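These are the structures, in structure tokens.
What follows is chain A paired twice: with chain B in the first complex and chain C in the second.
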Partner chain A sequence: MIPLQPPRRLVDVQIDGETVRVPEGSTILDACHAAGKDVPTLCYGDTLTPKNACRVCVVEVEGSRTLAPACSRKVEAGMNVGTDTERARHSRKVVLELLGSSVDLSTTPEAAGWIEEYGAEPGRFGDDAATVEQPAKVDNDLYVRDYSKCIMCYKCVDACGDQWQNSFAIAVAGRGFDSHISTEFDAPLTDSACVYCGNCVEVCPTGALSFKSEFDMRAAGTWDESQQTRTTTICSYCGVGCNLTLHVQDNKIVKVTSPHDNPVTKGNLCVKGRFGYGYV
Partner chain B sequence: MSYDRLTRPLVREDGVLREATWEEALTRAAEGFRRNVDKHGPDSFAMLSCARSTNEMNYVGQKFTRVVIGTNNVDSCNRTCHAPSVAGLSAVFGSGGGTSSYQEVEDTDVIVMWGSAARNAHPIFFQHVLKGIHNGARMFAVDPRRTGTAQWADLWLGLNVGTDIPLAHAIAREIIHAGLHNQEFIERATTGFEEFRECVEPWTLSAAEQVTGVPAHAIRELAHAYARADRAQMCWTLGITEHHNATDNVRALINLSLLTGHVGRYGSGLSPLRGQNNVQGGGDMGAIPNRLPGFQDILDPSIRQKFETAWGVGIQPRYGHNLTEMLEAMAEGEVTTCYLIGENPVQSEADSLACIKRLSMLDHLVVQDIFLTKTAQMADVVLPASAAWCEADGTFTNSERRVQRVRKALDPPGEARDDIWIMCELARRLGHDWHYDGAEEVWNELRALSPDHTGMTYRRLEDLHGIQWPCPSEDSVEPPYLHGRLWESDPVRRGTPAPFAVLRHSPPVDLLDEEYPLRLTTGRRLDSYNTGVQSSGFASPLRRGETIELSPEDAERLGLVAGEEVRISSRRGSVVAPVFIDPGLRPGLVFMTFHFPDEVDTNALTIEATCPIAGTAEFKAAAVRVEKLVKAG
Partner chain C sequence: MDLRFRDVEPSAEERAAVDALLGPPATGWEGGARTEAELRYAARSETARDLLLPALHAVNDRVGWISEGALDYICRRLTVPPAEAYGVASFYSLLSLKPRPARVLHVCTDLACQARGAEDVRKRVEERLGPAGSSWQASPCLGLCERAPAALTIEAGLPPATQVYGPFQGDEVTAPVSTNGSGPTGWEPPAEAAVPQAGQDGLVLLKRIGVVDPASLDGYRAAGGYAALRRAFQLGPAGVIREVLESGLVGRGGAAFPTGRKWDATARQPDHPHYLVCNADESEPGTFKDRVIMEGDPYALIEAMTIAAYATGCAKGYLYIRGEYPRAIRRLEHAMATARARGLLGADILGQGFSFDIELRRGAGAYICGEETAIFNSIEGFRGEPRSKPPFPVEKGLFGKPTVVNNVETLVNVLPILEHGAPAYASIGTEGSTGTKLFCVSGSVDRPGIYELPFGATLRELLDLAGPAGTLKAVLLGGAAGAFVTDLDVPLTFEGTRAAGATLGSGVVLVLDDTVDLKHILLRIAEFFRDESCGQCAPCRVGTVRQEEALHRLSERVDESDLLLLREVGRTMRDASICGLGQTAWNAVESAIDRLGVYK
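Presenting the complex of A and B:
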């Protein structure tokens, strides 16, 4: 006998006036996806518990005093959600302006499109607006931490911590605008508890964490995703059977990710699977 | 040191390997096989198939051995790791796979990690264990070393190397005396309980404490937790199987599951964690001397007939040589030619010097690999292959019996070719006009012959994220665990009961004495792999080369400091390595890996005492001494 999950009731919710039926316990974001609505997200991760850090996915829920984060708010029967109301759009615009003025979003997928879509003007705080600009930390040959691109979404901390890797090599240090992701005592990675699984890089939404191979190729101007193929195969090391997605450019592996919906890996790998391809 | 990929075929001329065309190399390889088979018969041939390569390659490899050559002398490196698990599980349940799925570890109540440093050796499996722990499961680590796994355990049972059977027996005795055994399951689904009860009776908690070094109360606690749990998982790795009595070790753990009914149910089961990407699949495909594809017994005439009809040749009605027997047969001059695919026995076998001697006695050695390994350097013909996992299409089978698709992402370098293409070319030169249009055609041939794989079309494997065997039908998926039949009330559906094993304690062969007072055990590190041929190719910040790891107590007694080079000697050989002090080791126990054989040949120390049933060598227990180097001048 295989224990079945308890059956879930289906509930009806209104998304922008359209009725959608989703299982009880789904988030508004799930319902939006079911309705074919595109809601922007940054700190949301499909393998992680929502952290509600970025506020870019906020929507208007009828009867709710404040805007609700779509990624974590659960649907309720009869809920009436507006994803594209003036209030939601305005909030997203300000969020994008605050992020865009302080953080380098140049490698954040879709950020430029959102900034245009919502009419955000990150420059309007002036040239002396505070930023997190700083040199990239290159302290090992496997991955790079460029915190001038960090939006403090906490996803790397959760992936390194009790949600997946349980290595606890990084955490949030500091307060307010000075808060930042750090190893213990800000030591180099090589002196930290890091085991180089790269599961933090896997979930980073902005490119603040990137594989050294990608970082170097971007610096040299040779990184070209339009020339890359992605092929999912199985790791060649131990017998666990982890799924690897090989990103290949010019018949060379340039980075390795892992499919998030696979029952073996759930988007995670170890140092060998993630980086041990140098011999092919 | 890192290796360059092989890009051209090589043949030996005047004692040295030189580059050759494919035509010349294939002809030379085939002629050598033919010469030896004509002269000494098909049993003078042995194939070592590749546990790293695809199921499809292994299927073709064993077919080459059985059809083109006509012998059952085919095996793979599963012999050096998990053959005892397969032997033990198939002796009890009729099937050699682990009985559980990774997901069940997350949903279980008690997890026993026995001889398994999974935190470092199987990190992603251990993530499932951690989910289980976070979900409230209790985890027990049984290991001589206080490993990364043990750091997450409720209780660490640090036993003396090679005392697994006394510990398991004491757990069983305690369960029986506390009345916690599953009487109903034992009566309905097992045989031999009375004999088993008698054989564990001498192993009281205090007797076991004396032999194993584990405190009696810890043994009692594990026994009670395991027996009382609603669901419990028993997981093991090479700490159980790399011993001279490894199959007995495996049977000792299986006994515990039979005693408590922790098998054949969701969340309760037995999980050997396989060490190589396709070591499960290699055996499933019949690349072992006693089974045809689909793990079907060669001695069964109706099975043989099915394959004889499909392949159009007779199959020898007897088991072939396993890897260990092959090496012995080389020394005896019975095996004179060997086709070795993707294996590096010169560096991976215990007692490596003896292995080199045996391979050098061959008349004709063909090595097919992606690197010019130490083994390939001894070959008469070297055939450059593709790296299966990213340069070929096919499937691998993982530790939870899940068959998953492998896809080609890269073109192999230079003239390196796909394994299956190479074998078909050799078969053609030996009178069998083989041709496969891609891996899927091989797979469909296998599906027609193996009921366990019949329902696994490539399409379904893709859609379902892989499928666990058995999968006899294209219309359904079986439960994720095996042997649910043992719980059936109808005796016919329940089938053959599972036998308890009566076992005796047999301490490690390499005895400790005044000359060799320390127990050396071997294992893997997180960022490196086996003989290091693959994993040396990336710049891991964690890598620190080979060391001899000692307890702080032993280091102090011997007057050694971290980083100091010392000589480590066993009754077989001697190496030099720097000292690393690990507080996770108990006094008397030292540890080395075998990841850096070009710098430190750890397997010059290990003993080739092998399990008589499965043929696995006792990598986990050598007797050594550690000495300060005397500085010249």
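Presenting the complex of A and C:
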């Protein structure tokens, strides 16, 4: 889909020595994609304003004292970007080690591949290294918050807050390594402003937020994505006509997502579309 | 905003504390009593998010902690989501979300105090008052380094009372609280006690300290005050910026950015309004120069802010001062009120048709809020997390508007520039670093305090003034974010320290003699960064923890793999962190390993 907007000036940037022409205002990540370069991202969300908190997408920009986050730094004409330099690879490796040693990345897609690609060793900090391990919060029947898998990407907070849902049920609380996603005074979700739209689950990059059905099946060892089909259809509840992607395993709906490229809803749903499939 | 509240009632005292700041609620929609009639119409509530931190302070000051009911009431009054307000309140170390005694003792365990026996003091306090967390807590640098080891009590009440102790032995505070908040704020030595050079000829920035009564506007004017502002009105805004540019003044907060360029860039922004922010959140361990200026010469800062606002076209300025500086806050509030009453602040200053006023905002215990963009988030009522740059503050700063943000010392340098002209100012110091600089000398010296020297003096010359005690082992230049040096002939200029692989930073000169355990100092530095990291970006949030863990292992047993780990993590924090905190968190440790051979 091509968004309607006034034509933008094109600028030339060098990505790993290759000249790429992208519209003014694009990010380095956009330019990397245009050049066919793969830059890992975790906290970047295609439907959200970049927070550039995870720092795995850092690239080297000529003339810059520090590395730049590709997901949010805008390109400038003549910019010379190195996506695969020793400096950038080193930071990516150590960031993966820092995250891998403190957070459970077992359900983060691609994490294992990146750890191998960059030669990261999350175990090198020893057995006593501090982690965010904690019991999963199961306080409702719809979704589970397993913050031992949370990398603090802020995406759920942004989706719940002023970027999409405007419910403001959760925010970042605490400081430093103790910072965490929380409702006010850590109240259970059922006592919070949560409306169970599940848009936080939609954007979570690590599986810290997951459908209760997925969480239970993973615990039972029956979750098997290779056995699942995905069917995109239209929600039957109201006249908006949101797209639903039904994830089906063993003839049962196990999870509902929504395509992020839908021009109206951008992957967002309400509680009925997301969780109200019991009647099917 | 359609917000959901958990409907926990505030106590009468909490409600009174918030109402004293915000006035009584206008309608039931904002937390007042609901009437039948009110349910028939919806009142539009305007969000007043920037008052969140002052409101949290109001409750914390009165009751000592913030309950669910108090937070709920604040959120209703300001139309702020409770989860977000909780996130903000839990960000600051001076605010408590759990019940605690009205009086809390903050015992400084940071670098300068560490070099003066803070560890023994901490143990003594622990023996007397039990484990930390409730009636006392260990604190990062309190900015009382010339009186190290130091402590501060804050007692909630109406009004809240504070008392600083220094040197603190650990048993001065008589156990439990006398009467709630009734105790007067206790005696402490005058500001000039921190200035060994006080009253000497040749001082520029410190010339009025100990000479002029800090409470007296007449005294300030008789000593040459407000001549610079008159000169500014003669020159016009563009003329002031030209003078500051030509003077070569660079920022004294640590980054050494040319002040004139910052002012010029802000003044040129077409977007309005422009804001001025004075960064008085001086929290770098070992730094206390801004406190001494604010306590000893508060009108100088008010005048300098007025000049900066005039030059850059700001009608409103924020003075963001750290919460651990009770006396500086009182003196500034008094100075602002007096200046306002005399037509030197407010509408039509000196009859020149220029209007400007200052709002004082108090920090609540977060080093990171001294970062130039985190300070904006803190003022706006968000968590004090740094923003990513670009865009830079001159373009999009406070409330998304062009903002000039300057450190206290930088601002007061503008006065001599305008009084004597840029060429006279630029003739002091070296070519790359003009003017004079304040140095915060602490640790193992006979005469700790603030020293003013022209740029170009060497570290040896500075130490000769302060009189090192004992056998010198190393000097930490620039604070926790700085570096250790052993060469005393390093010239104290921006270019000279850079060439020596160090930084002037905020002017910290912490002298360590051979009785000080360097491993312990390094652990304290690592602990400081781990505590003060905001937690936003992964390299700093986790890297500072891993750095501390590795240093703990190294103090037991030296292992090459841990040294390599430190280097790799340190390099990543420097390269990939969002802001200066993470980028400098490894500096001091690196210099100690490389130059002092701590883990050999």
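Structural remarks
One rule holds in what follows: the second predicted complex is superposed on the first by the 276 of 280 C-alpha atoms of A that agree within 3 Å, B and C clash if a C-alpha of one lies under 4 Å from a C-alpha of the other, contacts with A are read in each partner's own complex, and residues count from 1 in each chain.
As a convention for this text, a contact is a pair of C-beta atoms (placed from the backbone, for glycine too) under 8 Å apart; a residue touches a chain by one contact, two chains touch by 3 or more.
The model shown is predicted, which means the values in this text are computed figures rather than measured ones.
Once chain A of one complex is fitted onto chain A of the other, the partner contacts of A:Asn166 extend to both chain B and chain C. After overlaying the two complexes on the shared chain, residue contacts for A:Ser236 are found with chain B alone; chain C is out of touch.
In the superposition on chain A, A:Lys272 makes contact with chain B only, while chain C stays out of contact range. With both structures placed on the common chain, the touch criterion links A:Leu246 to chain B but leaves chain C unconnected.
Of the two partner chains, chain C is the only one touched by A:Ala193; chain B is not.
In the superposition on chain A, A:Val138 makes contact with neither chain B nor chain C.
Of the two partner chains placed by the overlay, only chain C lies in contact with A:Ile151; chain B stays clear of it. Looking at chain A, you'll find residues 166 touch chain B in one structure and chain C in the other.
Put simply, chain B touches chain A in their complex at residues 2-3, 5, 52, 102-103, 107, 121-125, 127, 130, 134, 152, 265-266, 273-280, 370-371, 387-391, 396-400, 402, 404-411, 465-466, 479-480, 526-529, 533-542. Listed in rising order, the residues of chain A touching chain C in the complex are 52-56, 58, 66-67, 69, 72-74, 87, 90-91, 94-95, 98-99, 101-102, 124-126, 128-130, 151-152, 154, 161, 166-179, 182-185, 187, 191-193. Those residues of chain A lying in contact with chain B across their complex are 1-3, 140-142, 162, 164-166, 189-190, 195-197, 229, 231-243, 246, 248, 251-253, 261-266, 268-273, 275-280. Chain C contributes residues 1-4, 6, 68, 71, 81-87, 90-91, 93, 97, 366, 383, 388, 390, 530-539, 541-546, 549-550, 553, 561, 565, 568-569, 571-572, 574-578, 583 to its touches with chain A in the complex.
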